[in-house]
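Next, two complexes with chain A in common: one pairs it with chain B, the other with chain C.
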Partner chain A sequence: MDIRSQVAMVFHLDKCIGCHTCSIACKNVWTDRKGADYMWWNNVETKPGTGYPTQWENQEEYKGGWVVKDGKLQLRLTAKGKFLQKIFHQPSMPTMDEYYEPWTYRYEDLFTGPEQDDQPTAIPISKVTGEYIDIEAGPNWDDDLGGSTLYARNDVNLSALSEEQRLQLLSIETLVMFYLPRICNHCANPACVAACPSGALYKRGEDGIVLVNQKVCRGWRYCVSACPYKKVFYNWSTGKSEKCLLCYPRVETGQAPACFHSCVGRIRYMGVLLYDADKIQAAGLRPDAELVTAHRDLLADPNDPAVIESARRNGVSEQTLQAARKSPVYQFVKAWGLALAPHPEYRTFPSLFYVPALGPVTYSMENGVALNPTSVDEIFAPLDQARLPMAYLANLFGAGQEAPVRYAMKKMLAIRTWKRAQTVGDVDMKLALAGLREADCDPVQAEAIYRITSLCTFEERFVIPPSHREQAVEVLTNPLERKGASGFGFREAPQRGM
Partner chain B sequence: MFPKPAPRLVLLATLLLPWSQPLGAQDAESQFRKSCMSCHTIGAGRKVGPDLKGLGQRRPHDWSSRFIQMPSAQLDGGDATAAALLREFNGTRMPDLGVTAAESLALLKLIDDYTASGKTLGTAAIARQATPEDIRQGQRLFLGLSRFKSGAPACLSCHSAQGLGGFGGGRLGPDLTGASGKLGVGLVSAIENPAFPTMQGVFQKTPLTGEEAFAVGAFLKSIASQPPARTDMAFPVLGIVGLVSGMLLAGRLGRKRFRGLRRNLKPRR
Partner chain C sequence: MLNNFLFVGFPYVALALAIVVSILRFTWRPFSYSSLSSQFLESENLFWGSGLWHWGILWVLSGHLFAFFLPEAIIAWNARPLRLYLLEITGLSMALLALVGVVALIIRRFADRRVKVVTSTLDLVLLAVLLFQVASGIDVAIRFRWGSSWFSTNAAPYLWSLVKLAPRPEFIVPLPWMVKVHFLSGFTVILLLPFTRLVHFLVVPVFYYWRRPQVVIWNRKGLR
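The block that comes next holds the complex of A and B.
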């Protein structure tokens, strides 16, 4: 047993309103720089859709993540022996076309335009060439074009759906979409770290944040190809790769990362997870169908004395262990089984989990008046009749397995029904309780889930342990080194008298 | 007949070589090997020209000396002996080699010495008829598929000829398709002991054996009636074909490469 701590995340998709405040917060703090224009360390995708970069889930083309070959975990990108063969040319990287050509507008035209009959306009100009461009793609093109059929239809996760189901997804009466905010998953088995020839990428020991050392990075861009979530970006100005750093300067001072902090829908949760690093390799070798379970088995119970003992041996601080016991992420993922990692079949074991979105509440209407429902099914469509087919969500969150997704959705549906029976009273309480039991839940758990979903405070959402950076600094430098050498006193000697 | 540029080149080489000093026996022998041996032997029989054994007894030294220095003067000047020799050797004219009076005397002394001692210098031409096997071997030698025993470079390095394939041979020397017509009976000995300064530089240290020269000569004779090799179009055509097939191969090998995704999105039905 080799217990390590990981700052982990849950995004509650049922609460996401797709406002992109997170993306903007991140952009303003980190990537509003030359060469980083096109980077969206945090982006919000419309699903079904192709996402950013276009079709990032298409690993047939991008070759990200891990595959099991001859009983061993291997990067899909290249075998170890062929590693150097591609070092000067990464054939599977997204091009600027799969991202987009960054642009701005010529705002000065608004002030310097000649006097004329029409209003002056600021035309879009490319940030690459400086010339006028006809914008063909953007960071959120699916959404900006109203989920154009072109992009929605090419969602990779639709592969499991029948032709009929796909048509239904796109017809106006049954149109359905949800938002998928994405940041770096700070995986437990990161492919980017494994692929780096320079050893520039590393996973921090104390909190598991994956970072690129800008001094070591040589711009080989294996990480860009290897990351199946395409969350490492190459900075064309500095010649180095960059990625989401989970706002570690904020996390180290006890604050939530900028995108978490600014989230309008309060969909984001952050907490410590303890995981057993010894089990990662074996878990990665399990077949697709067992990956969700294998991933959950990696996560260790923070109340188990053996786990605590092993964590202490690894230098995990008491406060981190305490935070792990209060972690909302542990509850969502392991205790309640509500949150699921995106694409577990990439075998990187993400530290970011999603609570899948339920479909909209349905009403029967007559003459513009909502009728009192006569059964639960009239309020919430049963899972099998949900507009978003279970097979789609299974591709996204279950490595093709419907069972874990179904379990989470069923529980959420049961809790909603039960809460409705409590507050509105138009559902039979007995039926609601039976539903809870059937969904492997009870009123205590349901109440806890309800509270953390709907009424959560800041402190409940973000349980961030102190990082003890001051202690870490003491290891490297003597904090008393400059005592008496600087601080109080005059910077320049006072001059008095003559 | 020699190819046209040859006498000029020989003259040039003669001027460049430091032959101003009186020649010793050693120098005379090396000059004989260089300039005379492609057509003459001493005591080994006839080649293109007569066997020179006993020349001193047959002709007066001053006549021989003048002939060696400037054969054209006697051949064109109505000298009866010269005219008889020309007839005897099927009209093959001895070229003007630019030999000085001193050199000619040294050469005649060399011939006398050899005659007196009974030694021979040079090898007689192979008299048998060329077989298809000889022709095939000659082609292989020309192409470098068989190596010359002495390690000399294959003819292909500098010469082209008909029947070598699309790429032809080198362009440094002339196309040898018609060489047998030009050199006539002197072909084989010209190959064996080339009098061309460019070739001498290469083949003096690595001479061909008589058999090898005969085989190459047989090959050149076999193609003599064909038009000269036309490689001017074949080369670019082969180049283009090679490029296109190379690109097709590269495309085939890299057919799974990333070709961009967004532009290839298709409206699914």
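The block that comes next holds the complex of A and C.
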């Protein structure tokens, strides 16, 4: 047993309103720079849709993540023996065209344009070349285009759907969409780290945040190809890779990252997960159908004395252990089985989990009261009649398996029904309770889920132990070394080359 | 006097700068060490340019190094005409691949509007020198046969004399001027090495093969 601590996340998709506040918060703090201007460490996608970069889930093309080959876990990108052959050119790496070419507008034209009959306009110019650009796409141009033939129809996850089901998704009367906010998953078995030839990418032992050492990165770009979520980005100006750093300067002091803090819908939760690093390899070898279970088995019970002891041996602090016992993420993922990792079949074991979106309530009502309901199914549409086919969500969150998604959705539906029986009273309480039991839930658990979903305070959503990095650093370096300096990191303008 | 400057002074200056500046740059400006890949901005032409160039030049360079370290082996190999032709034809075709590659890379630098933005003057200087180096090498290989043989008898002893700090330029002074120019531009490449993106050649990530797949770094002492 090798218990490590990981700051982990849950995004509750039912609450996401797709406002992009998270993206803007992140952009303003981290990527508003030359070379990083096209990067969205946090982005919000409309699903079904193609996402950013376009069709990032298509691993036939991008070759991200891990595969089991000859009984061994290996990068899909290439076998280790043939690894360096791809160093001169990465055949599966997306280019700027797969993201978008960043642009701005020549605003000064509005003031300096010559006197003429027409109003002067600010023409769009490329942020790369500075020349006029005919804008073709942006990072979120699939926004709200649920039934689009350009975006929705080309969603990779539709592969499991019948042609009829697909047409239904594109028809205006029955189309459906939800939002999928994405950041780096800070995986337990990160493909980017394993693929970096220089060893520049690393996972921090204390909190599991995955970072790129900018001094060691040589721009070989394997990480960009290897990350199946396409969350490592190549800075075209500095020639280095960059990625979401989970706002570690904030997390280290117990604050939520910028995207979490600014989330308007309060969909984001952050807490500590303890996991057994010794089990990762074996878990990665399990067949697709068992991956969700294997992932949950990695997560260790923070109340188990053996787990606590192993964690202490690894130097996990008491404060972190305490936080792990109060972790909303542990509750959502392991205790309640509501949150699922995106694409477990990539076998990276993400530390970010999603509560799938339940979608719209469809039953007919009058004056806000359902018409003579006789069963739970009549209040809320039964899962199998949901506009979004279960097979789609299974492709996104269950490695093709419907069971774990169905379990989570059923429980959420049962809690909604039970809560309706309590507050509105148009559902028979007996039916509601039976529904809860059927969904492997009870009133105590249902109340807890209801509270943390609907009434959660800041402190309940973010249980982040300060990491006391200052004490850790004190051992290694003089704490006054950076006195009078600009802050963390090295002080060198990120200039290209020498 | 001129020969001493060109074939003794200049090589030593180039080598000394290459070693000293590379180390200083690695220690003090590690952030500046990068391949500065522009594949993100343009991929298709790079596939041909970079692929042909690197594979071609790798073989040519290995050939030079082999003849430098084991000149007797080359001479022994060349004793049979068929083997000599085989070696020369292989070397020449690899050099032609590299030539096509570097020309493609140069065209790409000017043709693509995005790549143009990330092209510095030194990039162009380096590409020009590399183009000249490959072209002059091909010219020498075709006109002054057989290069692999006289490299072993003349160039290798000269280069070793430089290494042993007892320079003997007389080995190459009588050679045709094109050959000497090839030497000079070769030393120019070495001179440019620490100042350009060519440093990526010094940090080729061979250690990847020996390291464990996952890298975990702990802040606290005494832990992995």
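Just so it is clear, the second predicted complex is superposed on the first by the 454 of 498 C-alpha atoms of A that agree within 3 Å, B and C clash if a C-alpha of one lies under 4 Å from a C-alpha of the other, contacts with A are read in each partner's own complex, and residues count from 1 in each chain.
Note that a contact is a pair of C-beta atoms (placed from the backbone, for glycine too) under 8 Å apart; a residue touches a chain by one contact, two chains touch by 3 or more.
None of the values given here were measured: they were computed from a predicted structure.
A.B. asks: Check the residue A:238 against both partner chains and state whether it touches chain B (first), chain C (second), both, or neither.
C.D. replies: second
A.B. asks: Examine A:166 and indicate which partner it touches, taking first as chain B and second as chain C; both and neither are also allowed.
C.D. replies: Touch status of A:166: first partner only.
A.B. asks: Regarding the shared-chain residue A:153, is it in contact with chain B (first), chain C (second), both, or neither?
C.D. replies: A:153 contacts chain B only, not chain C.
A.B. asks: Residues of chain A touched: more by chain B or chain C?
C.D. replies: Higher number of touched chain A residues: C.
A.B. asks: If you stack the two complexes on chain A, which partner ends up touching A:137: first (chain B), second (chain C), both, or neither?
C.D. replies: The answer is first: A:137 touches chain B but not chain C.
A.B. asks: Looking at the overlay, what does A:83 touch: chain B (first), chain C (second), both, or neither?
C.D. replies: The answer is second: A:83 touches chain C but not chain B.
A.B. asks: Should A:58 be classified as contacting the first partner (chain B), the second (chain C), both, or neither?
C.D. replies: The first partner, chain B, only.
A.B. asks: Touch check for A:218: first (chain B), second (chain C), both, or neither?
C.D. replies: second
A.B. asks: Can A:91 be said to touch chain B (first), chain C (second), both, or neither?
C.D. replies: Touch status of A:91: both partners.
A.B. asks: Which chain A residues come up in both lists, the one for chain B and the one for chain C?
C.D. replies: Correct list for chain A: 91, 93, 95.
A.B. asks: Going by the contact rule at the top, pick out the chain A residues touching chain C in the complex.
C.D. replies: That would be residues 80, 83-84, 87-91, 93, 95-96, 101, 128-131, 189-190, 193-194, 196-199, 201-206, 214-221, 224, 234, 236-240, 314-315, 469, 472-473, 475-476, 490, 492, 494-498 of chain A.
A.B. asks: State the interface residues of chain C toward chain A in the complex, per the touch definition above.
C.D. replies: 25, 29-43, 46-47, 50-51, 53-55, 113-114, 116-118, 120, 122, 195-197, 200, 203-209, 211, 213-221, 223-224
A.B. asks: Could you please specify the touching residues of chain B with respect to chain A in the complex?
C.D. replies: 254, 257-258, 260-263, 265-269
A.B. asks: Could you please specify the touching residues of chain A with respect to chain B in the complex?
C.D. replies: Chain A reaches chain B through residues 50, 54-55, 58, 61-62, 91-95, 97-98, 137, 149-151, 153-154, 158, 163, 166.
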